[in-house]
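In order of appearance the chains are A, B, C and D, and numbering begins at 1 in each one.
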Amino acid sequence: MVKASVIGATGYAGAELMRLLTAHPEAVITHAVSKSFAGQKMSALYPSFLSRDYTLKELDIDAVAEDSDIVFTCLPHGASAETAAQLISRGARVIDLSGDFRYNDVSVYERWYNIQHAAPALLAESVYGMPELYRERIKKARLIGNPGCYTTCAILAVAPLLKAGVVLPDGIVIDAKSGVTGAGRSEKLAYNFCEVDESLKAYGVATHRHTSEIEQELSLAAGAEVVVSFTPHLLPVKRGILSTIYLIPKAGVTEEDIADAYSVYKDEPFVQVMGVALPEIKHVTGSNNCAIGYVLDRRANRLIVVSVLDNLIKGAAGQAVQNMNLICGLNETAGLNNTGWYL
Amino acid sequence: MVKASVIGATGYAGAELMRLLTAHPEAVITHAVSKSFAGQKMSALYPSFLSRDYTLKELDIDAVAEDSDIVFTCLPHGASAETAAQLISRGARVIDLSGDFRYNDVSVYERWYNIQHAAPALLAESVYGMPELYRERIKKARLIGNPGCYTTCAILAVAPLLKAGVVLPDGIVIDAKSGVTGAGRSEKLAYNFCEVDESLKAYGVATHRHTSEIEQELSLAAGAEVVVSFTPHLLPVKRGILSTIYLIPKAGVTEEDIADAYSVYKDEPFVQVMGVALPEIKHVTGSNNCAIGYVLDRRANRLIVVSVLDNLIKGAAGQAVQNMNLICGLNETAGLNNTGWYL
Amino acid sequence: MVKASVIGATGYAGAELMRLLTAHPEAVITHAVSKSFAGQKMSALYPSFLSRDYTLKELDIDAVAEDSDIVFTCLPHGASAETAAQLISRGARVIDLSGDFRYNDVSVYERWYNIQHAAPALLAESVYGMPELYRERIKKARLIGNPGCYTTCAILAVAPLLKAGVVLPDGIVIDAKSGVTGAGRSEKLAYNFCEVDESLKAYGVATHRHTSEIEQELSLAAGAEVVVSFTPHLLPVKRGILSTIYLIPKAGVTEEDIADAYSVYKDEPFVQVMGVALPEIKHVTGSNNCAIGYVLDRRANRLIVVSVLDNLIKGAAGQAVQNMNLICGLNETAGLNNTGWYL
Amino acid sequence: MVKASVIGATGYAGAELMRLLTAHPEAVITHAVSKSFAGQKMSALYPSFLSRDYTLKELDIDAVAEDSDIVFTCLPHGASAETAAQLISRGARVIDLSGDFRYNDVSVYERWYNIQHAAPALLAESVYGMPELYRERIKKARLIGNPGCYTTCAILAVAPLLKAGVVLPDGIVIDAKSGVTGAGRSEKLAYNFCEVDESLKAYGVATHRHTSEIEQELSLAAGAEVVVSFTPHLLPVKRGILSTIYLIPKAGVTEEDIADAYSVYKDEPFVQVMGVALPEIKHVTGSNNCAIGYVLDRRANRLIVVSVLDNLIKGAAGQAVQNMNLICGLNETAGLNNTGWYL
């Protein structure tokens, strides 16, 4: 059994990770750490854990490093890098769910997050934790920057198209819609039920941090600098992201060319390419799956790609477990191969 | 008091019209017609009418024409044109809520709706019922093609920009999200609560009929043929549309230029331009308002415009009442000047 | 035009009152007061007011008393009584939406609210603002204790049955379910969308303050002390209350006897008795209506009554406007006679 | 591996069973049968199965009986008994999810279901599949009547209290609220999103079939005939039931007596007794758990019990898998020991 610890077990991503690890057939949670709620039961915050409970602990870096085959850090950016660095220095392997280790270039991070990076030296070795792109490097990594939710949804959909050269790297529009868990466990009025229910809003237009993460990976895929127009929206649902992506197909590109480009996913356990049957959020909710569909609109000369995932799973905790499986030599799908909930 | 009749009073748009007319201070409903439910009380279908009820009648064209200052036809396309033509021939003034009288060119209609038009001769005189564009013509019309919901939301947002020449007419992307009432009163499994709730889907990608209506009006505004990429989505909410529109600003265009372009709305009672404070669906739900905000993203060279309205009101029944007010010489805002519900 | 002022215009009940008064054909808002947001526009908090806006003011008791035919106090209990007392002493007529003036016996208030009453002397003259029970006294009142939401829903359903003596005063069970606006404009985690959505919870079991208010009025109706078992629940909806009420019919009581008991409402503009066709929340949402249905279950010897209203309207702001209409000599239904929204 | 077949795999309960069995570590699905969709992929109806798909088959009774260690029948009542009888006659062991085999007395079934029973001879040997009450009999059964959703929620909450004699068997009121999946996969307008969303309704008042099932088991628990007043409601959520149950405590009964009565569950894997911390639906959604809390209201002389479960899991498919585990000699919690989803 893999010994796993979770630092920051009570935020929404942390709690989802606790849920997935509890159900994982080959992992056991050794430390469930929460600064704010140390000493309390997990079920005091999330009564769904009544049937399989944990006592939340203070962070003891040495004990965590000692007792864990893998440590997940689920803290706010900045704090996460600090803690991860302390764990790494004690020999731990770390999967960090914040934005701190997702960047190749510290200056991009510092510009978009508007803080100084707490452990810039580690960026050189940290691996961007998207197995579909970096599987082999992940297996050998001791530090993973686990990708963002919007970013996973967009990159999985677009990177193969850019790699195959079937769309232009210019003029990419990503219109993304996310459930409210994406905002985390928050007391802000903006997330009060009465404010969110029966409505929809765009936010962070032209300024959302995930833009930079998307552009980093799409630029690598295209072999050229890619600038995207990315607009996130807040949906009145708990879980899930649907991204509608507008791309300009290269002249003469056919549906078959698009299908060929996506054939890189034919053996991927967690990516389903549906073709013209477009995916809906509910097709993947509760699973680690990302489903992708597309329509080639010759009239308007656009390729419209629709990509969906569960922001808490493939967009956060599930992808983190997938990374753990790879690092710890388990079957990549262990604890993750359930179908979505649909209902 | 204006005498108004509603043909097709029990669909969602018809019922909303019944609600608005019931509350209208200067209108009275003379005939509430329903083929399927004639003889029943309106409250048998919509118990919200218990406090102010109507008996639904069979369609008697002569009686309706005789007893009405204005007739609203809320039937499926095709059927609506037939009924409207009969009413017009008996001297009635008609506001048609179907797609039948929204087109200048019958061939566009027939291509997108895939039927033969039932009364093509009337298209020459029918007026597109968007008061912000055609107020003076509406006042004198005897036949109005009341605009579609997605189309109103898109056209009000984009037409002023094209008229002012601050954006390119090419490469326009309209990503629209609508509440489920937009699908009408339907028994389809796809609209079962369990299928819609906690999800989101795109539909009609590259083929939705409203595309042609949007393109007709935007082409007129631009003075050049405009082709748009329009993608509608089904939101798990009852009412409301939010459109996120991606436009390419002309070189050198500033926020002030955008604001200037939108200043055409400064005296419009039902359009609010919010600037960078982007509107949310809930800002307009329950009202005849359309609110518009925008962000100029110089980094990605895109102007992102967000436009919202209530699909049943400004997108259907409310706009129809606004047209009635204009045709019948009432104050344009009569029965429509309430604020949105917000909660 | 009646000059109305609202003290506490930015809470959910206050904002709903602002919305209703804005649409009222015979009232005008002279002071919209908010301690927290004075100087700001109403639309800065509720953008639905963009089309008809107000500037929020500091509380100036003298100015408010001077400029108002009626003042609505929508403050937390305790604070509301203080402000109301100051206004009364300056000659104003006050409708208070808090619990402060709903009680005949100050000791009951102080026990259930666990504070000392700020203006106990005024309790003797304050009138319980439920027009169906106290219409004539309301017309002459200068101080109204506007009833609670759960209480209105329960009392309108049960009082006629107790008055007519068709049910026992013992063993009454009231199982009530309310939308989240009932909790007010709150930043608490418990009201975060992710915590409320797709769930249901009971709260305040055996301790909710509205119990005492229900018992006061039902005891008066029964002419005997009535103790009820009242359990509120939090529904994942914004507006509306549905109460399912279990009563023990007296021996030999028939459906006709029940119908006779409810015939007291036959001329009431805002109460609809539906009989065995049970009302749903959506039948009244958006209106000042309370709809009541019932089933006599002889097998289990229970009369099950279902009662619904919109907690923000008949349960708060709408009932307050109804009281204003009575006090100010307007038509009782002015500004309130719209049908519900249904959709 | 246990070989399991599902007859009726595409209804909501059947699909949930497919989901649970797919994730079960010790079971494999040999026949997924659907009369309406034979030949199609499961993912054509439920795209969540794209990652682990099945081909739906016609019903071949002999093949199913031959290839299965256990067969689940998920058909409408009547049809289910017929099919189950055929399977039993071929030596299969059957867990039936309809109401057909839940009754000890065929006349009760025929009165409440208003049809003739298709296989009355089998009622004598069928076992009511609630492991908390009938674990040992279930282990040896070849035919299980899998309990209803409302009934499981009510019986688990009340039976221990009646057995312990801490409440009266009279005057029991069960006010239950269920998610829409409880109505099954339906095209009825009444379950259209726009009809259900933002509302609540009671239905089947005094006539719901589950009443008889609840009374059968509570009467056995009490050793006396129990008649309950049971009212179901339709919640705007997909999954989950919350029952609020009003009982009359016997004189002198204390909280400790209640806790003692519930101590029968102390080793039950799927029942959590929370005491005064009342359970919410979201505490159990996605799990096979039933959580129970209670408040003893001495003032009103009522014991209020709140009980929650996921109607598709502990209320249907999960309980069926629990029964399979018992019958097939697996660990009772196999495939079911995940925590709830909470989010």
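By our rule, a residue touches a chain if its C-beta (ideal position, glycine included) is under 8 Å from a C-beta of that chain, and two chains touch if they have at least 3 such contacts.
Everything quoted here is computed from the prediction, not taken from an experiment.
**Q** Select, from B-C and B-D, the pair of chains that is joined by more C-beta pairs in contact.
**A** B-C
**Q** With centres defined as the mean of C-alpha atoms, identify the chain lying farthest from chain B.
**A** Centroid comparison gives D as the farthest chain from chain B.
**Q** As a quick test, compute the distance in whole Å between the mean CA positions of chain C and chain D.
**A** 39
**Q** What is the distance, in whole Å, between the centres of chain B and chain C, each centre taken as the mean of its C-alpha atoms?
**A** A distance of 36 Å separates the two centres.
**Q** Report the inter-chain centroid distance for chain B and chain D in whole angstrom, where each centroid is the mean of the CA atoms.
**A** Measuring from centre to centre gives 46 Å for this pair.
**Q** Which residues does chain A have that touch at least 2 chains other than itself?
**A** 12, 181, 194-195, 197-198, 236-239, 279-280, 282, 285, 343
**Q** Please output the residues of chain C touching chain D within their complex, sorted ascending.
**A** Residues in contact with chain D: 171, 173, 175, 177, 179, 194-195, 197-203, 205-206, 227-229, 231, 233, 235-240, 242, 244, 246, 278-282, 285, 295, 297, 299-300, 302, 304, 306, 343.
**Q** Show me the residue ranges of chain A that touch chain C in the complex, using the header's touch definition.
**A** Answer in residue numbers: 12, 180-181, 185-189, 191-198, 236-238.
**Q** Under the definition above, what is the set of chain C residues touching chain B in their complex?
**A** Going by the criterion above, the answer is residues 12, 15-16, 19, 22-23, 25, 46-52, 181, 197-198, 238-239, 269-270, 272, 274, 277, 279-280, 282-287, 289, 291, 312, 337-343.
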